[in-house]
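Structures for review follow.
Shared between the two complexes below is subunit A, which has subunit B as its partner in the first and subunit C in the second.
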Partner chain A sequence: MPQPEYINERLEALNDIDKELVIILSNASQVIGTLAGLKSGNEAMKPQFESHVKAFYSSLERASVDLRREIKHLDDNIGTRLLPINLDKKATGQDDEKLQEQLELLERELKRQ
Partner chain B sequence: MDVKPVSEAEGVPLLLDPNLFGLFSKRTPADLDTTSDNKEQNEQQPATDHLKPHSSLVNNPFETYEKTPLDQLIPLIVRSRGQGFKFADLSEQLLLNEIEQEQERNGIETHVSDNDNDINKESEESLDQNGLPLKRSTPEATFEANDEHTMSLEKFQQCKRNTIQSLDLALNESSLALEFVSLMLSSVRPSAASASMSPYLKKNVPAGTLSGEKVLLNRPSREETLQKQVINKGWKLRSLEEARSLLKEVYLESTKTLEKERKHWSEISHFISNKDVVFKTRDKDTGERSLGFKYGYRDSGSSYKLDRGIAVLKHNALLRKLELVPIEENAKAVHINQKNREKFLRVRIFTKLQEEDDYILTGESDLDSLLLPEKDEDEEDDMRIQIKRLKFFIFEQELMNRILKESEQLFSYGVSIENENKVVIEFPTEKMEVEYVQLNDDILLNHQQDAPKTNDKRARLFLVMMRLLLVVMYKKQLKGNILSVQQSGAAATKNTRSSNASKLSEPLIIRPILGKIRHNSYLCLLKKIIKDSVLDSVLEKDLRISPKAKTAEDLSASKIFDDHISKLNMEIYAFDEILSVPETEIVVDLAKNGRLLLTLQSPNYCNAITTVKYVDSSENIHFNTRFSDFKELEEFLHFIVTEYVN
Partner chain C sequence: MSTRSLLEQLDRTTELLAQSLAQIVKFSSLSKDSDKIEESGQVAESVATMATDGIVLVNTHTSQLIKGIQDLLVMTRTIREKWLLSQVPDKKSSQDRQIDVEKCSKLLEEWVSVVVTGTSPQ
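Take a look at the complex of A and B:
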């Protein structure tokens, strides 16, 4: 029994945030690469450097904004979709499950004449 | 000397003792002592008193003479006296005469001028009386002098302070200088320098640190500086390049991890349903954050404490799938591998061979479908199967544990514990083995080959019934939990609750089943006795056997408003047939001769107590006797039949 669509959406969103955070690393690497180019005297790399820095900051912004949004989702759903954090979920109903299972076995057994 | 003309004009006589000038000009209290010392040397001591009022003298530049040494002062006096004067000729008499002459001159002047006579007279008188060539002071002047004296006390204090301060300063400066020199010296002659150094300096400054050495500074050449700059730049560029490649590496690695994580979470969201209990925990082996999974029956009424039934969700890198790894709570339980947990209950029925004193296997419960190896099982369901298996094994484990506990008390009814994994229940014609078996390949293999046997079904039913009874125990426990919460709300005493709990925890798994079987055999025996002793000897008879059904009064009598409790009651009641203490009534109708009422009871499920009542034709009850021995019962029935019926 898979999780409902909403939960999958949230997982997907968190995954996207992760991706964005990883892209920040890639951006940083590119920024440093172009900086090295600039330092070695290649002035033509200046616009490239600028665009990489911009990309770095926009990724950072997207990640933090999205993360905030997910936290808000979490806050909003406590008490409706989710149990309050300080409450432990109980594994209730397993007795009924077993009962059902064994009764089915019993039924099958009794039918098997 | 510029002061000379003045001294010639009026102050010459005063040069006699230049020290006295200092007394007036710099009259400090400190100096007073010196004056007193000087008194003895000073022959003209009274003159000092008269000199005081001469304020003009206070400012006299002759004060400089005070400091003039005697060998200079004498030539000075000689010079001022003019040529041909010898210091040896200077006598008191001569001086007195000179003063007199001068005063006469002055006196003429004063007479000419408009001066007060009295003062002159006084001055003349003073001259007469003292014989000193000094002017008499005016009363005002005396007053002034007194005033100056009182002022000087304060000045004295201040001067004293100043002096002390200056002294201290001088001492300090000199010792600083000494320290400095010693420190400088210490590099050359340490022992000599350390002797004059202060302990503080010695402690804080190492010797020889203040030497006058000269360090030569080689100015780098232009080439060198250029080379250095190039090297610096090279290093910087290289570190930038390395930082770039490091970040790139990390990026690539994290992308891979991310992909794995995404898969992990999608698997979890796919396999874990909302009914499952998942919680945050830490993996004890690796210390990593992880998800725990609760599969135990604790929250569903189980009070089994040896295994909490918690597993950690792990990603098995080898099999590339999620795995549930049960947490071993009990440190003492050493399992060689995880497979050791995989044990299940097997019931086997052995029938006694008539001729020999031996048993043959006639029935065996089969393996649960869960335990069979999945053939081409969909990977989709892998996780659910893992969960099911875990639940199955923990249930079996608890069931065995309960059975062992219960069996301890049933020794006298043919139940024996062979070992910790095996319980044997013996009946007259057969025996039943409940075994807690390790699941291994042999069992799986043999199972498929086993041919069906006559008692297989019974064995299977027996096993299912035991499981059902454990579930009923859960239900009772749940009910007890709810009730105890309610009772504690109603301030129930602790004693009743604990007794409740102990009653609840009493295992009832083997006992009811065994009781039913035994009761049945008792009934057979009883019927045989009745047949032998009553039916065979009486002509008119009618035998009625009715198992006494327990009415549902318990349920309806106490009104229960709690939905959960009433639901649990209903569920428990469903098993009342087996759980209630077996009881059978036998009525032997003897027509005209009344009736025989026999009740077979098994208060603790397994024993047999028979109550016999004889009701005669006029509805009189003659006996109401209980027997726990069938031999006695048989004799008693004989007695009744011979005495009353025939």
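Take a look at the complex of A and C:
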């Protein structure tokens, strides 16, 4: 179902946050990998370890800031684009879709007559 | 879930994630410290206990880190659901519906004249 442009933008931003969260996990895994190397006495891995730690905290910061921004967008749009938080909208579009379908059927039948 | 509780959860989880990695690095060095203790002639049993504790704590913090990321993914999903399922119906769609009703009335009249009364459509 096509969504309004603003909502598409929000969904896209949330997808980017998901990707950033996965990158955080990947960075954490690299940190632990290089840490294992360091512990086995390979001092040459120290710069790599530092860069992975930096990457982990940078990704965490980006994801956290972006997610906070998305929560703010959500808060700003309650009452305008979104229903109040405790109300659940039922599938109101379903009736219109069914009516449209029946009208098309009726139109086809009339043309056939 | 209200936006305030989402913000609180975000703060908690971010803090937890930031601490988890630091704790993993800290506790993974416990076994290294225990080597020093062994050299200084302390009991081997306490060395083994410390190393085991270190491994257990590393495991705990690793699970916490993964759980924290999972929580944030669930949060983005919750926000996505709100955008998709709690939209206020826009005016355009309600106008379309009125047009549909007029069209429906015309089509039904036509249907009655063609099928029920048997006259040809105008």
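Everything that follows uses one rule, which is that the second predicted complex is superposed on the first by the 87 of 113 C-alpha atoms of A that agree within 3 Å, B and C clash if a C-alpha of one lies under 4 Å from a C-alpha of the other, contacts with A are read in each partner's own complex, and residues count from 1 in each chain.
The rule is short, and it goes like this: a residue touches a chain if its C-beta (ideal position, glycine included) is under 8 Å from a C-beta of that chain, and two chains touch if they have at least 3 such contacts.
All of these numbers come straight from a predicted model, not from anything done at the bench.
Visitor: Looking at A:74, would you say it contacts subunit B, subunit C, both, or neither? Reply first, second, both or neither.
Guide: After superposition on chain A, A:74 lies in contact with subunit C alone.
Visitor: Could you tell me if A:63 is touching subunit B, subunit C, both of them or neither one (first, second, both, neither)?
Guide: Touch partner of A:63: subunit C, not subunit B.
Visitor: Is A:83 in contact with subunit B, with subunit C, with both, or with neither (first, second, both, neither)?
Guide: second
Visitor: Once the structures are superposed on A, label A:47 by its partner contacts, choosing first (subunit B), second (subunit C), both or neither.
Guide: A:47 contacts neither subunit B nor subunit C.
Visitor: Does the superposition put A:19 against subunit B (first), subunit C (second), both, or neither?
Guide: Once the two structures are laid over each other on A, A:19 reaches subunit B alone.
Visitor: Using the touch definition from the top, say if A:28 reaches subunit B (first), subunit C (second), both or neither.
Guide: Both: A:28 reaches subunit B and subunit C.
Visitor: For A:3, using the defined touch cut-off, is the partner it touches subunit B, subunit C, both, or neither? Pick first, second, both or neither.
Guide: The answer is both, since A:3 touches subunit B and subunit C.
Visitor: Could you give the residue numbers on subunit A that contact subunit B in one complex and subunit C in the other?
Guide: Looking at subunit A, the two contact sets intersect at 3-4, 7, 11, 14, 18, 22, 25, 28, 32, 35, 39, 88-89, 92-93, 96, 99, 103, 106, 109.
Visitor: Subunit A touches which residues of subunit C in the complex?
Guide: 1-3, 6-7, 10, 14, 17-18, 21, 24-25, 28-29, 32, 62, 65-66, 69, 72-73, 75-76, 79-80, 82-90, 93, 96-97, 100, 103-104, 107-108, 110-111, 114-115, 121
Visitor: Looking at the complex, which residues from subunit A come into contact with subunit B?
Guide: So the residues of subunit A touching subunit B come out as 1-4, 7-8, 11, 14-15, 18-19, 22-23, 25-26, 28-30, 32-33, 35-36, 39-40, 88-99, 102-103, 105-106, 109, 112.
Visitor: Give the list of subunit A residues in touch with subunit C in this complex.
Guide: Going through subunit A, the ones touching subunit C are 3-4, 7, 10-11, 14, 17-18, 21-22, 24-25, 28, 31-32, 35, 39, 53, 56-57, 60, 63-64, 67-68, 70-72, 74-75, 78, 80-83, 85, 87-89, 92-93, 96, 99-100, 103, 106-107, 109-110, 113.
Visitor: Can you name the residues of subunit B that touch subunit A in the complex?
Guide: My answer: residues 233, 236-237, 240-241, 243-248, 250-251, 254-255, 258, 261-262, 265-266, 269-279, 294-301, 391, 395, 457, 460-461, 464-465, 467-468, 471, 474-475, 478, 571.
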